[in-house]
Amino acid sequence: MLSILTLPKAGDPSREVKPEEFPALFHATEAITWVRCLEPTDADLLWLQNTFDLHPLTIEDCRNRNQRPKFEPYDGYGFLVLFALLWEGEGLETTEIHCFLMPRCLITVEDQDGPAVAAVWQRMHQARDLMQRGADFVFYAVADAVVDTFFTLADRFEDGIDEIEERIFAPQPEPVQPLIFRRRNNLIDIRRAIGPMRDAFNALLNRHLPFIQEPQLLYFRDLYDHTVRVYELLEMQRERLSNALEVHLSYISNTLNQVMKRLTAITTIFMPLTFVTGFFGMNFEHLPFQNLWVLVLALISMAIIPGAMWLWMWRARWF
Amino acid sequence: MLSILTLPKAGDPSREVKPEEFPALFHATEAITWVRCLEPTDADLLWLQNTFDLHPLTIEDCRNRNQRPKFEPYDGYGFLVLFALLWEGEGLETTEIHCFLMPRCLITVEDQDGPAVAAVWQRMHQARDLMQRGADFVFYAVADAVVDTFFTLADRFEDGIDEIEERIFAPQPEPVQPLIFRRRNNLIDIRRAIGPMRDAFNALLNRHLPFIQEPQLLYFRDLYDHTVRVYELLEMQRERLSNALEVHLSYISNTLNQVMKRLTAITTIFMPLTFVTGFFGMNFEHLPFQNLWVLVLALISMAIIPGAMWLWMWRARWF
Amino acid sequence: MLSILTLPKAGDPSREVKPEEFPALFHATEAITWVRCLEPTDADLLWLQNTFDLHPLTIEDCRNRNQRPKFEPYDGYGFLVLFALLWEGEGLETTEIHCFLMPRCLITVEDQDGPAVAAVWQRMHQARDLMQRGADFVFYAVADAVVDTFFTLADRFEDGIDEIEERIFAPQPEPVQPLIFRRRNNLIDIRRAIGPMRDAFNALLNRHLPFIQEPQLLYFRDLYDHTVRVYELLEMQRERLSNALEVHLSYISNTLNQVMKRLTAITTIFMPLTFVTGFFGMNFEHLPFQNLWVLVLALISMAIIPGAMWLWMWRARWF
Amino acid sequence: MLSILTLPKAGDPSREVKPEEFPALFHATEAITWVRCLEPTDADLLWLQNTFDLHPLTIEDCRNRNQRPKFEPYDGYGFLVLFALLWEGEGLETTEIHCFLMPRCLITVEDQDGPAVAAVWQRMHQARDLMQRGADFVFYAVADAVVDTFFTLADRFEDGIDEIEERIFAPQPEPVQPLIFRRRNNLIDIRRAIGPMRDAFNALLNRHLPFIQEPQLLYFRDLYDHTVRVYELLEMQRERLSNALEVHLSYISNTLNQVMKRLTAITTIFMPLTFVTGFFGMNFEHLPFQNLWVLVLALISMAIIPGAMWLWMWRARWF
Amino acid sequence: MLSILTLPKAGDPSREVKPEEFPALFHATEAITWVRCLEPTDADLLWLQNTFDLHPLTIEDCRNRNQRPKFEPYDGYGFLVLFALLWEGEGLETTEIHCFLMPRCLITVEDQDGPAVAAVWQRMHQARDLMQRGADFVFYAVADAVVDTFFTLADRFEDGIDEIEERIFAPQPEPVQPLIFRRRNNLIDIRRAIGPMRDAFNALLNRHLPFIQEPQLLYFRDLYDHTVRVYELLEMQRERLSNALEVHLSYISNTLNQVMKRLTAITTIFMPLTFVTGFFGMNFEHLPFQNLWVLVLALISMAIIPGAMWLWMWRARWF
């Protein structure tokens, strides 16, 4: 589905036009335009390719999806793939946003209608002064909204990690490992999205591209700075999770040690006692069972053995 | 075995020629040619060396195989080694494809007839417009098919890793470690193939080589981009496997802890009981076995000991 | 809250002026000024933006806080974000200091009144010769005080790590893991602050900025050197903690092994003994309980079994 | 011991000359020479220093040995240290080969007569056309033989690692760890040799040195490529060993878990049974030992307890 | 304490002069001088600052110590901080040597009289031809002696690591972990000293500094090469220790597994036996204790149970 938002002249309100009317408008005027293509059909992509003279490889990428975030300069335009993230239930959902940035026009091709871009689209309808800053500024607004989805996620993860950290030294009804496992996998997924995106913005900054105006560069630097910050935040979360996992393993081993020492102590104390009672439970007639002194001896030995064992274990530094 | 596919003139259909006819054709016309050498014999290699004036070192590499993916520029041609992967039964099979790329000719030397290159060979017979784009485009088609074999593998692994991840927290009839072990070894093998291949394509891109035409460079950039994506995909899979292994180790230790606590609890409860029964099982005549109150005492102590033990363990925070 | 400290002319004492008087003063004279803005209100930020013609993005950063340490050159000034650390109770408190460095003026925007900057502010009131070295030197004094807060922290951590290292081989009343865990998390936090700060100072050094005078560069090199030193110190502490944790895990396993060997030995010795006593505790009338030689045999076997077991375990290298 | 092999003129057979005759020959003619100095005495080194005007530092290196592989350009010659490896019994033996490469002469100083260089020496006596390609080609032949020793080793290790990998999941008569340990230490040693050697060959390639002729550069690139391949091979082996070790640790823990669960099950089943038999083994006269129903009750309880325990353990998901 | 060694003219013997006489001498002649300042007082540092016009920051560094090895070029001189290491008892002692290198003069400021520098100082008094090579050569001699202290340490550690490696698979009277722990901490300390020193020497090499003469550069390259070698040596030792620790952990777990299997086997064999004897130890009158066949049955079951258990365990692959 193609929607075209155009600002014919500075000061005018922006308005939507139909694809049929667009080519004439585009070539005749200095209008600034944002073409938004949601859930693109083959016809939409063909229309885009013909109207804007796009390279077949980029159209191929839009069709196949499943790219990685990247920036590639082509003749007359820049091609960018952004990833927006959304937390759905217990998993991450990634939306690919393919952008074509030209001097007076921005094209975004999206698989589904994500809230981040939708909000910018809304804003562009209302705020008159935003669009007249140029197509590059419109792209900045889209990319900024996309990067903000990462901050939202990082905040949500922060809470999850705090909870994990509180649980690793607490006696637990259920193990903390599945939680750590899921979070680490999530972080792997996100890092895979944000790392190339950071590189793409860096490329935008340093290549002196004709479709980005000089004063807008400061905004793109800000964008790059944001991705760096997200990346460092996620890196820090990854380190904290690794720290939690490593220390937890050591702590479990420590606890196991305590448990085993107790078992050993109990066994060490009661096994000899059981032997003594077993000894005098034998039925040999020659054993002096009628002798009171032997009974006293047995009782004394039963009293002494645990104490002696304990003392010995203490001295041998079993504890 | 040498097969030579040649396109004498743009618009003509491509046709196969015999090695004997080839040299005349090659030097006389502007034909675009793909020489495919399957399971090369020494005679084949000698013919190639003499016909195209190839450097002895590259012929040596074709003979010995067992190279790594690489790109090396020589006088008048570029020498590339590609690795295509195939999943056979439970193991990976690597096919080395040695390519010589010249302005009007591509030579591929292959140890065995892999499906990836065979499909391109077939396509070149049928699709008339592909070959006339030049020898560099033919090479791009071959390399693209080769890189696609990695995507196929990565997808297959994705499933395997999903299965592993589901099993690490489930009670298991058989351990998950052998599976993790094999997958990690496979990933080591693949990374060893894709990493240098990525570097080789990058070198192709940035060296302004005479045998690659300007408009084709976008295709080679796409190729490079694909290898980067495969590499990141595999890297992500490697991290996920490491995550699974590390978390699993911690989880096993946790479970062990639970088991040991139970064993300790049972031993702690029954060992004193056994001692009491053993005590009154002794045959001393002076023990007051006929006294009902002693029996009652013994029975009461047997009732109290387990409860008291449990309480004590609870208080001492054994659980 | 805005405080403005100005040095109208070299040799004069520095004095505070009101925001209302300032713009006239600033534009008319060669005065060197430090504008300190504590807990900035929106009005303060607006005043700063208008008076010094600051870029909206930097004012935005001051308003939102939660940045990372960075350096960004703007038209006519440099924008720096520094992090000062304070140890409060058991946790780290981070104060962000946003600095605008111009040829004759330094602006610092702080969320709260930290002791590090407050001390420099005090010093600038008293020491007459410091401020006349220029706004860049005032900035150096602020940054140096900030970096010193890291050294203070590193020293405090050094003690904590020494304590941890002493405890990992000692029999412990309470486990050492929670301590290691907290320290490692603290180090992650600090490294996140110091790393980008080091990069920011490096950028200051190498960019030939108009608002830093040539002779001051040596001081900034010193500053950079300090951050490098702090970074290496923290890196070393991180490695020492990892070393402690890894070795501790191995040591615990070793201890567990000892404990289990003892348990096994005791079980191995007493189980057969218990069986023998149990055997002769059976009530079969045909068992020759009245036979003295059988009793002697039983006693001898009870004497021999533990010794034989011990010898066997010794020979089988159980210990 | 000094041996000098010289090729006076292209086409002539190469022949050995005595050190006394050499200087005259060297300065008068265009001869290509290889001076091989085995187990160098101080006199040999002095002779080399004086005859070829070598820098004292390089002679010092030859005397002290115990260098690392390196390349250092000096006035008029290049100084290279190569490491050849030999597998002796169970350990690695390293031979240092110090090479001086000049436009018409190669000097190799070796501590002991290694088979790799000896074979090249032999070949140079016989193959007439090799030496006339120049001293740089002779050096290439030596270096190639040295690098081949690494391939031999890597192959041998491959087998060892295959064996280790087969054993980690098999029940073992003897532990696999000592084997892993030795291999990893060997790999550390080899990597220490091959890494700097790769860098040295890279330096040779890229520095436009006067003592290497242009057409020979392709051979040196091949050499460099070989070292890269060895390095990657060893890196892969290192990763495979780490994989084996990590997975093995997890697998052992898994097995331990199984063992402990069995022990716990057996203890849990027999401890209550033992208590029941002990209970009725007490000698109290008031216990109704003559009552058949009590006996039946005891027998039934003995039959039910194991089954009930098993069921309980099953339900509580102990297994 | 200031000691000044000066060589007034090439060929003269070097002699010590008093600080009072020095400035005249220094400015009038071409003398080469080494000013050695041991345990510097404030007066010494002031004298140095005034006589040689040193920057306050470098004097500050000399006063505060606790720097990291570094090289910083100043106007007219280079400032270097070296670390010399000494093994005292069980710990490492670090001596900082602050060096000022000028065209005709070397100043070294040392906290304590280390043997390394003291030996060079001695040598400069005696060997007439060393000093006349220039102040840069004197510095080389000092730095070389300092780097040699690292080789001495590395050798000493080599022995310690050999011992550790021998012990990890041997049955041990005392655990090997504390040793590994100390060595790893030592290596962290040393690496922290040698790494920046290597960078400092590299900076000396590549910056075309006016106070280093061209022919001396080869000696500084040698110095740099030595630090690289030490660094790699230590890196290798670190890897060997990590290898030892990791493998040891796995080996301990393996041993623990063996121990537990034995315990399980013994428990599994004797628990049923104990039950049988306990069963026939019950005092029920209805039990057929006078029946010989029952006795025989009991004896046979006691003989069969262990064998059957063993067989079952074998079949169930418990071993």
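A, B, C, D and E label the chains in the order they appear, each numbered from 1.
Here is the rule we use: contacts are C-beta pairs under 8 Å (C-beta built on N, C-alpha and C of every residue); 3 or more make two chains touch, one makes a residue touch a chain.
No experiment lies behind these values; they were computed from the predicted model shown.
Enquirer: Enumerate, in label order, the chains that touch chain D and chain E alike.
Expert: none
Enquirer: Both chain B and chain D are touched by which chains?
Expert: none
Enquirer: Superposing the C-alpha atoms of chain C on chain D takes a rotation of how many degrees, nearest 5?
Expert: So the angle, rounded to a multiple of 5, is 145 degrees.
Enquirer: Same or different: at the chain A/chain B interface, is the fraction of residue numbers used by both copies above or below half?
Expert: Different-residue interface.
Enquirer: Based only on mean CA positions, could you tell me how far chain B sits from chain C in angstrom?
Expert: Centre separation, chain B to chain C: 39 Å.
Enquirer: What whole-number Å value describes the gap between the mean CA coordinates of chain C and chain E?
Expert: It comes to 24 Å between the two C-alpha centres.
Enquirer: Touching two or more other chains, which residues of chain C qualify?
Expert: Counting only residues that touch two or more other chains, chain C contributes 249, 253, 255-256, 260, 263, 267, 274, 278, 281-283, 287.
Enquirer: Head round the ring from chain D, going the chain E way, and note every chain as it comes up.
Expert: Moving around the ring in the direction of chain E from chain D, the order is D, E, C, A, B.
Enquirer: Which positions of chain A touch chain B when the two form their complex?
Expert: Within the complex, chain A contacts chain B at residues 55, 57, 67-68, 70, 72, 74, 171, 175, 177-178, 180-181, 184-185, 188-189, 192, 196, 245, 248-249, 252-253, 255-256, 259-260, 262-263, 266-267, 270, 273-274, 277-278, 280-283, 287, 289-290, 292, 294-295, 298, 302.
Enquirer: Can you check the complex and tell me which residues of chain B touch chain A?
Expert: So the residues of chain B touching chain A come out as 165, 168-169, 218-219, 221-222, 225, 228-229, 232, 236, 239-240, 243-244, 246-247, 249-251, 253-254, 256-257, 260-261, 263-264, 267-268, 271-272, 274-275, 278-279, 281-287, 317-319.
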